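The next part holds the structures, each set out as structure tokens.
Consider the two complexes below, in which chain A is the common component and chain B and chain C are the respective partners.
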Partner chain A sequence: MAISTATKAATDALAANPAPVSVGAQEVHRWMQSFTWDFDKNRTKYSTKYKMANDTKEQFKLIAKEYARMESVKDERQFGSLQDVLTRVDAANRVHPKWNESMKVISNFLEVGEYNAIAATGMLWDSATAPEQKNGYLGQVLDEIRHTNQCAYINYYFAKQGQDAAGHNDARRTRAIGPLWKGMKRVFSDGFISGDAVECSINLQLVGEACFTNPLIVAVTEWASANGDEMTPTVFLSIETDELRHMANGYQTVVSIANDEAASKYLNTDLNNAFWTQQKYFTPVLGMMFEYGSHFKVEPWVKTWNRWVYEDWGGIWIGRLGKYGVESPRSLRDAKKDAYWAHHDLFLIAYALWPTGFFRLSLPTQEEAEWYEANYPGWYDMYGKVYDEWRARGCEDPSSGFLPIQWFIENNHPIYIDRVSQVPFCPSYCKGESTLRVLEYNGKKHSFSDQWGERMWLSEPERYECQNIFEQYEGRELSEVIAEGFGVRSDGKTLISQPHTNKDGKLWTLDDIKKINCVFSDPLKAL
Partner chain B sequence: MSKSSNAYNAGIMQKHGKAFADEYFAEDNQVVHESHEVVLVLKKSDELNTVVEEILLGSHKADNPTLVVEDRAGFWWLKATGKIEIDCVEVSELLGKHYSVYDLLVDVSSTIGRAYTLGETFTITSELMGLDVKLKDLAAA
Partner chain C sequence: MSIEVNGGRRGLTDPEIAAVIMAAVPDKPLETQRKMNYFMKPRGKRINEYEVLCCYSQPTPDWIPGGLDWGDWTQKFHGGRPSWSNESTEMRSSDWLAHRDPAFRWHALYVKDKAEEWRYTDRFLKAYSADGHVRSIDPVWRDEVLGDYLGAFGFYEYGLFNSHSSVVRDCLGDTLRMSSAMIGLDKVDNAQMIQAERTFLSKLVPGFPESTDIPKQEWTKGAIFKGARELVQDIWQATYDWNEILFSGHMICDPIFGQFVRREFFMRLSSYYGDNLTPFFINQMQLYFSQTKGITTDMFHTCLGADVEFGDYNNRLMRAWANKWLPRTVNALKDFMAIYATIPEIKGVSDKAAIEAALVRVFADWKRDFADPINYKVDTAALVKTVLSGLK
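So, the complex of A and B:
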């Protein structure tokens, strides 16, 4: 019987390239190269304006067998720790209640990022022409699947073993009303999977992973440990053991286009856009989660940012590429200002909009206020005194009839949503890099908080048409919207989110919100 | 606390309040500055604790005086000028079991710099691998 063409090709290839006698992983890796995989004329559905070189390497020389063995050991260690010793010592109930709330946000949002990274790296696998580069991307596809499960699992673990499960177990259903969700989808979804393939790689790998996973997945474990959470270091540091290969993938993407003429035309703009896109969300949100979502402080967020983002990512990744024409991101000055102030601005707004969230927030204590003022001189006069006023008006008490959003309305400080990043901002009451810009397009007004997003919007306005909550719920009463958007617990009336983390404190219900008669209005209509 | 310029809280990080802000917002610090340092984050584990304590801070401490290792709760944070290398053949001998470079990668959590493997050696370097320096494959036997 005649053998198939494929079998004959494989037989011939093996005859020409005999398998190595030993099975050392890197010998197998070298042997596989002799098959001269040819993707030079690769056709892809996901095009790029750059020409990716055909000889780019994968830096760890991974073969499937070693990859699978390695990841299996990682999972055994992680799940073994969680299911054995951490459960036995009741670790989930030792977490400080404030940090328990932060992990609702961090893990749920990271899960979305990991999920979208599966698609992003699948796209890059399709676009690349170098066999080893494809191999690197393929490994990353599998990693991202693992990470999606890990993030889901940590929420499952917190919900099952820990305290106040609401928000760990059902966060995603609140995605229509939560003002942080859409911005998160901009960085963790749109930025990774829409548009030019190499630009997506710069967003995901060179900036998202090489830069922001260090505070998001590594530094976060210091804050977790300090606040009694030993589950997060177990899971997140295991996630990060894959990220080093992803960072290498991002670097090799740059290597693959370094000699392409298009790089000199586009790379710095694409890098700046990616840096601004990622920092615009991660900088304030992570800072807010670390500082305002913890009881025990590790260090000021601005120092964490300065170390991991400015000094190390900036100097070691971007600075070293200077001789290949890579420039310091033009938006860095504004990003640094955001790293100092924007998380304070965001917490003020997040606390004011607390009923729309899926996690509990709490006002800074006197001791924390002193810490903020010592580390961010000027903090009290801008933020602290507002929190004192809110507290005095009973913002934590359901019978007070006071929601902090009323303070913004009474003092004529409208809150807008930046059309590009989807991050809320209050231009008349902020210290971060936010100024109001309004443009009209197709009969609709669009607000922007900064020149960098505005520039991205001007180049492709159709990309940024996402409705924000003020447009979506214009004229609707808040308790109706919360009920419709699944912002309540299993009793059908108590809000998932609460303005305090006090276990003995009264919980707000839909009736408490309804009595206040808070109605959504779109601030752009008043302009 | 280490006084090395590579320490976790070196330089500006030792400053507080207004002094920190003044330097952070200084004109010279509004652009990135090229750095020849590398950073390695190692997840704490039975094997990695041995690598850190017995090799990097033990038998090989003199090899790289710029290396700083700090305990950051769940992980070891390492920073050095130039490069950090870990030879897994040596780690195997110390552990008394086979321990390949891929076993090491089970607990290597993050890298800032160009990390790669060659044979049983893991390296993270400030060199631009693939641009200034070619990435090597295992030599043919």
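So, the complex of A and C:
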């Protein structure tokens, strides 16, 4: 057949310049925005009151194969470190026991957030109309799978190599027993996936990732390292490299709705609700995990919080979005108050309910107590003396017959669960901002600990109906609940959770709990 | 020593801190069960790393079969719709967490494979260009088929890619969710590879259009892809049941239409028209097809079709879905037959007999791998005849 003009031109070009040619990722990506087409049924399956613009771009311009190359390089470094040098130096057995326990919770709970973020960004991928914006969310879908696997790898590694595998090896089954779990689901699970798609993006990307992943994923590495844990920095800092793209996705979400009229009406309310939702759990829980879940301290949580949440996020990051009408949340001021005492309040309750955990908790040692008092003046009078009393009554000793929850009952300090955040609180014994509010709806009582959650519930009570552990287990004896939730070690009788990490301390068993005959009751019924 | 550590001191390497830590570490491990997820039932003899890292990461309550959690959702959609619910699909399962990727690929293994493919693609393209292979491509094949129709086929892959978004949001299992995201990414990778090939050709062949304008015109307005476009649009946006999306896309549409277009048209014919570039890319797509087939047959045959409690019902439902989607897929293929009128005929390669043989292969494969396992009765000869009626 006759040679075409183009073929001849190609032949001539080759003769003139036979240099190898390939195609770069950016050369492909620049056509992405034209990959879609209009058709009648083309609309999202997840409604949003906002309209996302058709021409929104993504900041990180990746194609599938280039994404894979980049992640693969990071994986090689990360798993190389874990499987080679850290294993050879027996690093998992050179971690402080208190921190070993903290990582049972931190890694598994972060995994929950990462896992649900897969679904959340799937929803955003569906909701966005611009192919580049879809592509940005798609990259995040894959990242979240990566992070789910990475968080699991931490527990997997500690279980396989470390000093106490119980809890690391079955967190996905035993995590549901205790009082911290439902709150985790609110912020890291349902808060990301159930609601207006943009509202979910605000929860996930604008607050969860841009605000709280800094302390959760970055600051945690300093605490880990101080306590001998080099596995967590290896993995979490690799996770954080992806989080930058996720924050960019959140930024682009706001950009995509900036010109929409709905944004001026709703965006700041949605942001305020999202911020309060996220901080209500993370402010106390992260502070508790860092300070009470470690022996060596990096700095007081309130300082970390102030730097990452108040200044960096509330000031700089939200400030950058100011040109799109975004304002710092009105609830930021109340959150700042919580950053000082809320984690101390929470630990008091968490320790009192220690048998429902999947990790060991420890009371502060003398030198730790001094550190708390030095950094939080007034700590001893409120908390330290209670811990001294509990210790004196033998709370760490299985033969004592004393569980700290008894102290709350004896002193008439009922523990409630906030219906919206699912975070436990004790209004009659706390230094944080919690105050008891009780409302009735559909024949059921609901407790709340702050005005912001109460407002959310008042406007949409049907979104927050989840029962709490006191309602779920009411009338059930504690050891029965623990056994049903698989809260025992492989010998079938010793609890996974323990009230100490002393190497020579005795371990509690189901029988020790049973003897105490502790029965769950719903405090709302007494009102 | 002070317990406040700053200045970057590390517990693993700082002798003073390390001594305190080592004094606190138990003399022997407190627990002998070191296998994570030891409580689960593995697919093989032992729990593998994929199962450790993926299984039960989904925190669903036990009223979604397979879930380990209890109670209600802590936040619901406006109006009270639950985060995830059994009602999101007509399929029924006694364990939504039972699916396994047969290749047991978790994220790291998945991206490792694709990263290698990308590096190899780069090396191949450099060698291909330096060797001057492009000179041998038939101009009609190159300019019309690769320029217009392969480009248009990219929209098919892109549309199917997008059909995975709501699946990734709505499906009820962790391994299902991860697999769905990965097979979705493979689809957009296919679309991007098609554009990569066109961009590459535009660098080598002066005047070859890199733009997506003409392919998009062909896809949205042309007759050749009319049936395919309507089919993809409905899978992507008109179908809400996440299982039906996966079933229609990966058990009907792609094994028939996609397979024919990729394997029997572009890949088989390309070498006859002097094109050994396209098979390089199509082969990668066929690898993804094969991996996806393993995944979706595990979902629909190994898990749902063989479910002890709901298997019969699920197979009946799959047959009903096949009745719905097969005629539309056949129609898409019938429309596609018009493409043969645009290329120079080669006897025994692109004539009617060769086309019929190709169709027989595709439908026979589909019957064996997808229809027979759900006991779906199909007259493949009649389907082939219907498709052939579209030849111009």
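By definition in this document, the second predicted complex is superposed on the first by the 489 of 527 C-alpha atoms of A that agree within 3 Å, B and C clash if a C-alpha of one lies under 4 Å from a C-alpha of the other, contacts with A are read in each partner's own complex, and residues count from 1 in each chain.
Keep this in mind: a contact is a pair of C-beta atoms (placed from the backbone, for glycine too) under 8 Å apart; a residue touches a chain by one contact, two chains touch by 3 or more.
It should be emphasised that the depicted structure is a prediction, and the values quoted were computed from it without experimental measurement.
When the shared chain is aligned, chain B comes close enough to touch A:237, but chain C does not. Look at A:412: by the touch rule set out above, it reaches neither chain B nor chain C. Looking at the shared chain after the overlay, A:314 reaches chain B, while chain C stays out of its contact range. By the touch criterion stated above, A:145 is placed in contact with chain C alone, chain B being left untouched. Contacts of A:225 after superposition: both chain B and chain C are touched. Of the two partners, chain B and chain C, it is C that touches more residues of chain A.
Judged by the touch definition given at the top, the superposed model places A:251 against chain B, while chain C stays out of reach.
Within the superposed three-chain model, A:463 lies in touch with chain C and out of touch with chain B [touch as defined at top]. By the touch criterion defined above, A:122 lies against chain C but remains apart from chain B after alignment on the C-alpha atoms of chain A. In the superposition on chain A, A:7 contacts chain C only, with no contact to chain B. Residues common to the contacts of chain A with chain B and with chain C across the two structures: 20, 27, 66, 69, 73, 225-226, 230.
For chain A in complex with chain B, the touching residues are 20, 24-27, 29-30, 33, 56-57, 59-62, 66, 69-70, 73-74, 77, 210, 213-214, 217-218, 221-222, 224-226, 230, 233-234, 237-238, 240-241, 243-244, 247-248, 251-252, 255, 258, 300, 302-303, 306-307, 310-322, 324, 328-329, 332-333, 336-337, 340, 374-377. By the touch criterion given at the top, residues 3-6, 8-12, 17-18, 20-22, 24-27, 29-39, 49, 52-54, 56-59, 68-84, 106-108, 110-115, 117-119, 121-122, 125-127, 129-130, 132, 134-135, 137-139, 142-143, 154-155, 158, 162, 164-170, 174, 177-178, 181-182, 184-186, 188-189, 191-192, 195-196, 199-200, 203-208, 210-213, 216, 219-220, 229, 233-234, 237-238, 240, 344 of chain C touch chain A in their complex.
Listed in rising order, the residues of chain B touching chain A in the complex are 8, 12-13, 16-18, 20-21, 24-25, 29-39, 41, 43, 45, 72-75, 100, 102-103, 105-119, 126, 128-131, 135, 137-138, 140-141.
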